[in-house]
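Pasting a structure here, questions to come.
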Amino acid sequence: MTFEPQGRSLADFTVELDVYSGPYEWLLALILKDELEIFEIPLRELVESYVGARERDPAGGGLERDTDFAGSASALVLLKSRTLSPALDPDAEGDEDETLSPQELAERLTEYLKIRRAAEHLRARFAANAGHHPSSHTLPPRPGRLRIRPDRVSLAARRAFSRLIDPPVRHLGPITVTLQELAGMIRTALVTGPISYEVLTRRMDRLNRAVAFAAALSLAQEGALTLTQTEPLGPLILEPTALEPTAMEPSA
Amino acid sequence: MSEGPRAEHMIEAVLLVSAAPVGTSDLSSATGLPKPELESALASLQERYSPETSGIVLRNVAGGYQLTTNPGCAAAVERFREESRPTPLSNAAHEVLACALYLGPLSRGAISRVRGVNSDAVVRNLLERGLLVEVGTDREAPGSPALLGVTDEFLAATGSSTSDDFPPLASLVSPEELSRVRDRLASASAPPEDAGEST
Amino acid sequence: MSEGPRAEHMIEAVLLVSAAPVGTSDLSSATGLPKPELESALASLQERYSPETSGIVLRNVAGGYQLTTNPGCAAAVERFREESRPTPLSNAAHEVLACALYLGPLSRGAISRVRGVNSDAVVRNLLERGLLVEVGTDREAPGSPALLGVTDEFLAATGSSTSDDFPPLASLVSPEELSRVRDRLASASAPPEDAGEST
């Protein structure tokens, strides 16, 4: 399957986040249109919210819905990582790879901290001044006053019509893996005992790793395995649960 | 509703943001005021905004109620208009005009889809400035949205006599880009493909 | 002039026909009023159009005077326009505006460097919303990138008269907070064998 966006298996899934509440599909649309900032979307909360919805309605959608969710959620992860990666600005003076001394790093962080605080101040100012709509009784200027440069109109046409609306995720290649396939692979790997996520996904690309993670979560949800991580950022261990083999079957 | 804004205030606010006269039923649905309350609030506003008491007067014209300048202040308004330089157009405004010029007439929704960003505010501004105009409605599309085109004033401002004076679209964008734009336009007017609405 | 319209009325009429704030010198030349008379008329208008007394309020923003709707009546205005409230600005957007306000005019690249993440999409959105504007180009930098600054609309939307109306950047972070950041950085980046800590 490809990331030709899913069917409508997620049509009923709604999310409640600080920055947005409503249908998940609309959330995706808003992100694609730049109306919502991808990096303000807490992806972990999004996944938790999906897992919660799944618990409340275990029969709804089943693996097809899981696959669709994993597909779109991993695209969001990739999009977010791209957004958070350093600016690749052709105009920049090529200082992306510079190594900063601790002092320089401190300077940069200090400057950013100030901007962060200024942004909070601005948020409050906007909120306190919202709802002032100006008069619509404006007089058109005298005919002949306004000059519009035709070349600027042509330039605007070129800009508007050549813009890529969807974020460029095509270079990531089609999503050729399904949640079921990776779930099957994980089950097979677990036959020989516990395995770390890092070992499991060592030979995978980023997309497969993301889907493998979703598959592991899904299996943990079904009780087929347990996930343990003893220390922050430490290895994530997938352990088969010591239950009879029937527990390994999907519950859907 | 007892804690809400006063009836007169809501009416004043609505009338400030409407250049055209507003009928009582529109005023009523915007403010949530029942007719009798609306009528009495309008009567008291007519005193507040009378030619004797204000530079802004409330008129009851054919289409409804409208705030206008007091004719007694026409000289000041005219001088202001004479001296004020028109605000230059933003890049966004140029893009919206280019959409209407090259792809129009088209609806607000279609403009937003072609540009990939909500363009309602820019469109409103261009309508107010007389550079865009509603030339019909798209009866095919849900909600029959208004179709927008550029005005003669726009052509005059660019020093062109017809829209053919502009370079052809094919000289500005590649065939692939053009077909992408056409796809976006088609998706703007077509009803949702998925007939099986979920709810 | 004794027979002419009252000072307040002329000002009201001029402000009605302007969506943007009007500076006192423009008001003065349109109405023919000398500054002192203008000031006192504006003061009395500010009472007439105060949030307590009217659905239309007189604001002193972006270096001028502007009539706008009373925020208390925003719901009625939005219902009338059938426009949803614009999406509130994101944290990223507030940061970009803060960069332009305090460090600007500056290029997209400079904004991205301060924030440490690519800010192009956010900048585009803010240009679209009229809160940022290209105010020139940086001819020193390769590619002569556009320089961005905040607009009068930004000042109006934040209720500010000028860009000096904001607290100084240095006052927004306490010295204690700054030194905590420096300490944490120093301890995180000090090589383990280096006993001689810099702080």
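First chain written, first letter: the chains are A, B and C, and each begins at residue 1.
To be clear about the criterion, contacts are C-beta pairs under 8 Å (C-beta built on N, C-alpha and C of every residue); 3 or more make two chains touch, one makes a residue touch a chain.
What you see is a predicted model; the values in this text were computed from it and never measured.
S.K.: Which chain is most remote from chain C in terms of Cα centres?
M.R.: Farthest by centroid: A.
S.K.: By C-alpha centroid distance to the whole-protein centroid, which chain wins?
M.R.: Taking the mean of C-alpha atoms per chain, the most central one is C.
S.K.: Nearest whole angstrom, what separates the Cα centre of chain A from the Cα centre of chain B?
M.R.: From the centre of chain A to the centre of chain B is 36 Å.
S.K.: Quick check: how many Å separate the C-alpha centres of chain B and chain C?
M.R.: Using C-alpha averages as centres, the distance is 25 Å.
S.K.: If you average the Cα atoms of chain A and of chain C to get two centres, how far apart are those centres in Å?
M.R.: 31
S.K.: Taking each residue of chain B in turn, which ones touch at least two of the other chains?
M.R.: Residues 13, 16-18, 67-69, 77, 81, 84, 91, 117, 128 of chain B touch two or more partner chains.
S.K.: Using the touch rule from the top of the page, what residues of chain A touch 2 or more other chains?
M.R.: Those would be 34-35, 133-139.
S.K.: Show which residues of chain C lie in contact with chain A when the two form their complex.
M.R.: Residues 15-20, 57, 59, 66-74, 77, 87-95, 97-99, 101-103, 107-109, 112-122, 124-125, 141-143, 145, 156-160, 166-167, 169-170, 172-173, 177-178, 181-182, 185-186, 189-190, 198.
S.K.: Going by the contact rule at the top, pick out the chain B residues touching chain C in the complex.
M.R.: Answer in residue numbers: 5-6, 8-14, 16-18, 22, 26, 29-32, 54-56, 67-70, 72-73, 76-77, 79-81, 83-84, 87, 90-92, 117, 120-122, 128.
S.K.: Give the list of chain A residues in touch with chain B in this complex.
M.R.: Where chain A meets chain B, its residues are 8, 11-12, 33-35, 133-150, 152-163, 165.
S.K.: Considering the complex alone, what residue numbers of chain B touch chain A?
M.R.: 13, 16-19, 67-69, 77, 81-82, 84-86, 89, 91, 94-95, 97-99, 101-102, 114-118, 128-131, 153-154, 156-160, 165-167, 169, 172-174, 177-178, 181, 184, 194, 196, 198-199
S.K.: Going by the contact rule at the top, pick out the chain A residues touching chain C in the complex.
M.R.: Going by the criterion above, the answer is residues 19, 30, 34-37, 39-40, 83-93, 95, 102, 105-106, 108-123, 125-126, 128-139.
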